[in-house]
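Listed below are the structures to be examined.
You will see subunit A twice below: alongside subunit B first, and alongside subunit C after that.
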Partner chain A sequence: MSDRYTKDRKVGEGTYAVVYLGKQLSSGKDVAIKEIKTGGFKDGLDMSAIREVKYLQELSHENVIELIDVFSDVGKNLNLVLEFLPSDMEVIINDKSLVILSADIKSWILMTLRGVNHCHRNGILHRDLKPSNLLISPTGQLKLADFGLARALGSPNERFTSNVVTRWYRAPELLFGSHHYSTAIDVWAVGVIFAELMLRTPYLPGKDDNDQVVVTFQALGTPTEKLWPGVSHLPNYNNLVMYPPPSRQELRNRFPAATEGALDLLCGMLILDPNNRWDTAKCLTYKYFVESPRPTEPESLPKKVP
Partner chain B sequence: MTSSEDLTPPPKKPRTVSNDDLYRRSTQYRYWSFTQSKLEDLRVLANKKGRVLTHKRLEDLDPSLDEAKMIKENDVAQFPYVSLDEELKIITYYARKCQDLANFFHLPSQARSTAIIYLYKFYLTYSVMTYHPQHIMYTCLFLAAKVENSFIGINNFSKAIPKTSPESILQYEYLILQTLRFSLRCHHSYQPLYGFYLDIQQLLPKVDRKRLGQSCDHARDLVGESLFFDVNFLFTPPQIALACLWRSDDILVERYLAKKLGLKRKQKETDGAEAEAEAEAEAEAGAEAETETETETEAEAETKTEAEAKTDTETKTDTKPPKTEEGEVPPQQRFDKMFQTIKKCSRLIDQASRNPSVEEAKDISSKIRYCLEPLRYGRKLLKQRIAISEIVEEANTKRSVSTESEQTSKRQKTQ
Partner chain C sequence: MVELDWNNVPKDMCPVCKTDKYLSPEIQFKINPECYHKICDSCVDRIFSLGPSPCPYPNCGKILRKNKFKTQIFDDLEVEKECDIRRRVLSIYNKKEHDFASTEVYNKYQEEIEDIVYRMLYKIDIEKTEEQLKEYSIANKQSIRLNNARRDQEYEKFIRLQKLEKQYKSERIRLNRLIVQEQTNLKSLEKIKAMDQLQESSEEKDPDAVIKSVKESMKKQSSKYKKQLEDLHKKYKRQKEAIIKNQQSSSKKNQDAALRVPFTPFDGDRLSPKPYHLDPSKYKDPYLEKMVSDVQFKAGGYKLDDYYERSLNEAFTGLNCFIEEEKVN
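The block that comes next holds the complex of A and B.
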């Protein structure tokens, strides 16, 4: 089986996987091979690996990382052959030598939303969107990666764990410990990433879970029953400082380079009540994406000089 | 995944992706949906491979062993291979066990259903003569719980099942993953059923909520039952959901679909000529339905007593072959086609149950054990022979005793 690929160089090692850089011999294409250890785990194959295989097998979109193949080697390890994506958004945001234009941001957010929309239409929640999981291909295409926390949209009475999404990108319903969240949590995360791209620094960097609540509501206002019916019944809705929602002017000051369209989209993605928060379809069809400037072509986006 | 090229739509068409397209891209559709004949082929092939493997096991037996000699002497053609029919029965038997076990662990229906589907999928590649379904069933359930976010630790899992160990369960996990072609996501029919439940309320706001609720509850049970038939390999989840709902409440589904597809209910009454033609078609259809299955006619009989005249005519038209093309009525055709599908699906769920009796299951189980370990079979033959020879001996001694006594009695008489 593994004679179709080479494993050239180890590029990373996690608890359940070793990642190699390699080549697909038939095409000469660079690939990343995630070798998942199968032995030595008390409960068999790791959950994250199972989720990753389960969901990537079903997704096929230019803005979602492609699972090219799955094979087993002699050592009975499970190998996921993924397309090779050399960079990610975290690297780009942190590289202060790069100049990022608003047309670039529009392009990245558009690609992110397209990928997320594809997941949601397939009934899949990503649950861990953050800049380091938005990988960039050599041609500048942005692709969602790391489906180790993903799950399927459930039936309405199923309980979900609220302990998902890296803290800074966690939606308010998760901060309140809701067990019935939905696709809106991914949209929130994209909104926070959008803000981070404009600011070039994390937008809601809570130091711990309690601080995250403070930071989030300081920036966007504390939700009330009036703004978000039912919020006061959520498990962790207590002992809150009531911050007022930001005025439009305050937002303009916070995001000086943003156009009115950009601010509208940002606000739509960061609506506190998940039932009113925009879904990906609404975001994608919003005028921001068709008004000037046009989104930068992926090939022309800023990238780290190797 | 490997065939990603043929998934990209032709370049000229605008790229709108319908929900049906999404389903066609799923691995459930691409890897695990078949025509009936293809499904049969797979099972025939799996069974054949199982026989070949068993045969090899027989040949590999140490010929010096008494058991091996016994099998050879006993004529190899007599060997208890598991037939295709028996395979399906025993898999279903363990699929039912799987359901019980899932309920024991309080697993949600999603995990339970996935486990059952995994088990059936596994035996499209392998025969029960290759891997014993009991072991595979345990591992399928353990894996499905993990896949569906209802993880149970292997120690607790194994502790609850007699005669298993964490190793005995985990050892098949990888094999099953591989056999499933790493396609783990299962689309079940519960969610579409819930979708229909909501949509019916929207489209038919006057429908009695209590009746709708009961019909859907019953349909949900039928969806659970449908797992033990082949419909999941042959139909899409919404088709199965509709078929189950139709079995549960045919009038409701007919009314719903007519509304959904924009069928003009009064049309037949206004157009005289067409009505006549339809009456004919109805008669045909009625006859057809009667000859096809009993339950279908039963369902129709029920319909007549309950429904108003209008719905009644609609009920009848559904089996009508789609031959009214000239009139260019796509809704009617779609309606008919949909009903053909629903009925076909429903008929499969209804077919004679594959559940073996306990006796049968025991019998097939022992056959499987003989196939997996032919020595056991030889041992059984040996025991039989010993038993037989004992009986013969016993009979012989009895006979000799009796002849002796006869002789003595004769002697006594002569004396």
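The block that comes next holds the complex of A and C.
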């Protein structure tokens, strides 16, 4: 291994990996090295690591984290060499000293949608979109990261688990326990992130899985058979309190800074029925992105001053 | 013994412990914006250290907290009160002139602010006014936050400018002093030197020429410092401009770039040609289609075509890639 990369210092630790900051010796570039813990797993490698390698090597896009290399070292540990990205959206949203303009939000959502569109175009579901997984490069480019839950679109006789995506960003079909969902779940997550950027506080913060259902439908209305054909046949569709869908004026009050175009896009991404929910192509071609103000150039987006 | 008149407490005396400025000159008075009653520092410590307590003035009864006590800035309590109210109102009504379409609207806005301050100060319609303030703060939550953040940034900029100016001034004074000192030093030195030279020089050297050369070398020395001073001035101007421009530059740059490049929603990620062509009308899989027609699939948003796409993609990805060749390159 170490003839090509150095491991300088530990920057983070997750359940299945330790992340180091290192350098690629051939180019002198900073890289993040994700060392997969193999010791504890009797059944071989952790699933997330396999997924991460499998799907990242298929993708190459400005707004998706780059998998530079994979190697195993003496201890038979698997190491993923990834682009080093020092910041993420969660940090930016929570740093109240930063002023976020509507043009900045537009730019971030645009980059997120481009990244997600690239995944979907290649038949890959990310399944864990949330602000802390949207990393920011030193030049301001936003990149999707953490493909540990990603998977390819499967054949109809595969049953997907509905226990994916961090709770606050979980689409209604997942809340109802559907086993056959599609790219629409990622669009929903982007919609919730969009709302969070405008509010600068989580939009649908459910305390537990049941509360998430309540919070989601309080904000966006309870789906009915009329709004979403077939919804009542989904596994967890029972004992629901019926909330009316929000009126346009209520949404305007909730998002006072949003323009009509921004609200349209937000509503499009948060349509309850996944069959009607906008796909990434429709979102990207929507007039919100061409109307004034123009999205901020990535280099001039607000970032945390170290 | 004379009873203390609580409504008219002597100026330099704490009515609680009866200490006055004459006996303890270091006494400090604090007030609390709840009721603006004056209490000395040690009494505040004594009474409020254990948590909120009622104001010791009779017939006041307001519950006060220690962390809200502050030093009085203005002699006149009315002025103090007004400043506090004004600060509070202005942190909510914080729009600037350029946020308005016309000066008239802006003037009306200012009038509204003055009305609120006046009513709060003289406790006229206090509940209605508070309500109005609250309503405004909810309706304009985001713009208030934005404007406050802007004001903070502006203030920070101001502080940075001030610091820079201070630094510049002290450096300039230092250099100026050096110049003067060097000049006096040189003068006395040159005097001695000139005398020596005049003494030693024989008839072949013209005394005028000697004095001239001495003067020249003197000038050279001091001009070195002068140049440093000029450089310093230039540097200061440059830094000052950089700080002032700081905020505008980013937005301006952005506009320029936007004008040059037309907007492309997919940033070139849509048109890459696929190595295959799927005609959905010709490909039918009755087994899968029957399966997908189930309500569970429909309601979950499952799309069979996406799966076909993915499968074809998987099948064709990697064709036409020659890893050995890529490695060589």
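Miscellaneous remarks
The working rule: the second predicted complex is superposed on the first by the 302 of 306 C-alpha atoms of A that agree within 3 Å, B and C clash if a C-alpha of one lies under 4 Å from a C-alpha of the other, contacts with A are read in each partner's own complex, and residues count from 1 in each chain.
Heads up, the rule we're going with is that a residue touches a chain if its C-beta (ideal position, glycine included) is under 8 Å from a C-beta of that chain, and two chains touch if they have at least 3 such contacts.
The shown structure was predicted, so the numbers you read here are calculated from the model rather than taken from an experiment.
Superposition of the two structures on subunit A leads subunit B and subunit C into a clash.
Contacts of A:Ile105 after superposition: neither subunit B nor subunit C is touched. When the two structures are aligned on the shared chain, A:Glu297 is found in touch with subunit C, with no touch to subunit B. Of the two partner chains placed around the shared chain by superposition, subunit B and subunit C are both touched by A:Ala152. Legend: residue contacts after superposition of the two complexes on their common chain; A:Ile50 is shown touching subunit B, with no touch to subunit C. In the superposed model, C is the one of subunit B and subunit C that contacts more residues of subunit A.
Shared-chain residue A:Ser60: touches subunit B; no touch with subunit C. In the superposition on chain A, contact is made by A:Asn122 with both subunit B and subunit C.
In the superposition on chain A, A:Leu144 makes contact with neither subunit B nor subunit C. After overlaying the two complexes on the shared chain, residue contacts for A:Ala184 are found with subunit C alone; subunit B is out of touch.
Shared contact residues of subunit A with subunit B and subunit C: 58, 121-122, 152, 154-156.
The touching residues of subunit A, counted against subunit C in their complex, run 58, 61-62, 96-97, 99, 103, 110, 114, 117-118, 121-124, 152-157, 173, 176, 178-185, 228-231, 233-234, 256-257, 273-275, 277, 281, 284-285, 289-290, 294-297, 300.
Listed in rising order, the residues of subunit C touching subunit A in the complex are 139-143, 146, 149-150, 152-153, 250-251, 253-255, 257-258, 263, 265-267, 269-270, 288, 291-292, 295-304, 306-307, 309-311, 313-314, 317. Listed in rising order, the residues of subunit A touching subunit B in the complex are 38, 42-45, 47, 50, 53-55, 57-58, 60, 66-70, 72, 76, 78, 121-122, 151-152, 154-156, 158. Within the complex formed with subunit A, the subunit B residues making contact are 1-2, 4, 7, 17, 19, 22, 25-27, 108, 110, 142-143, 146-147, 149, 151, 153-155, 166, 170, 173-174, 177-178, 182-185, 190-191, 194.
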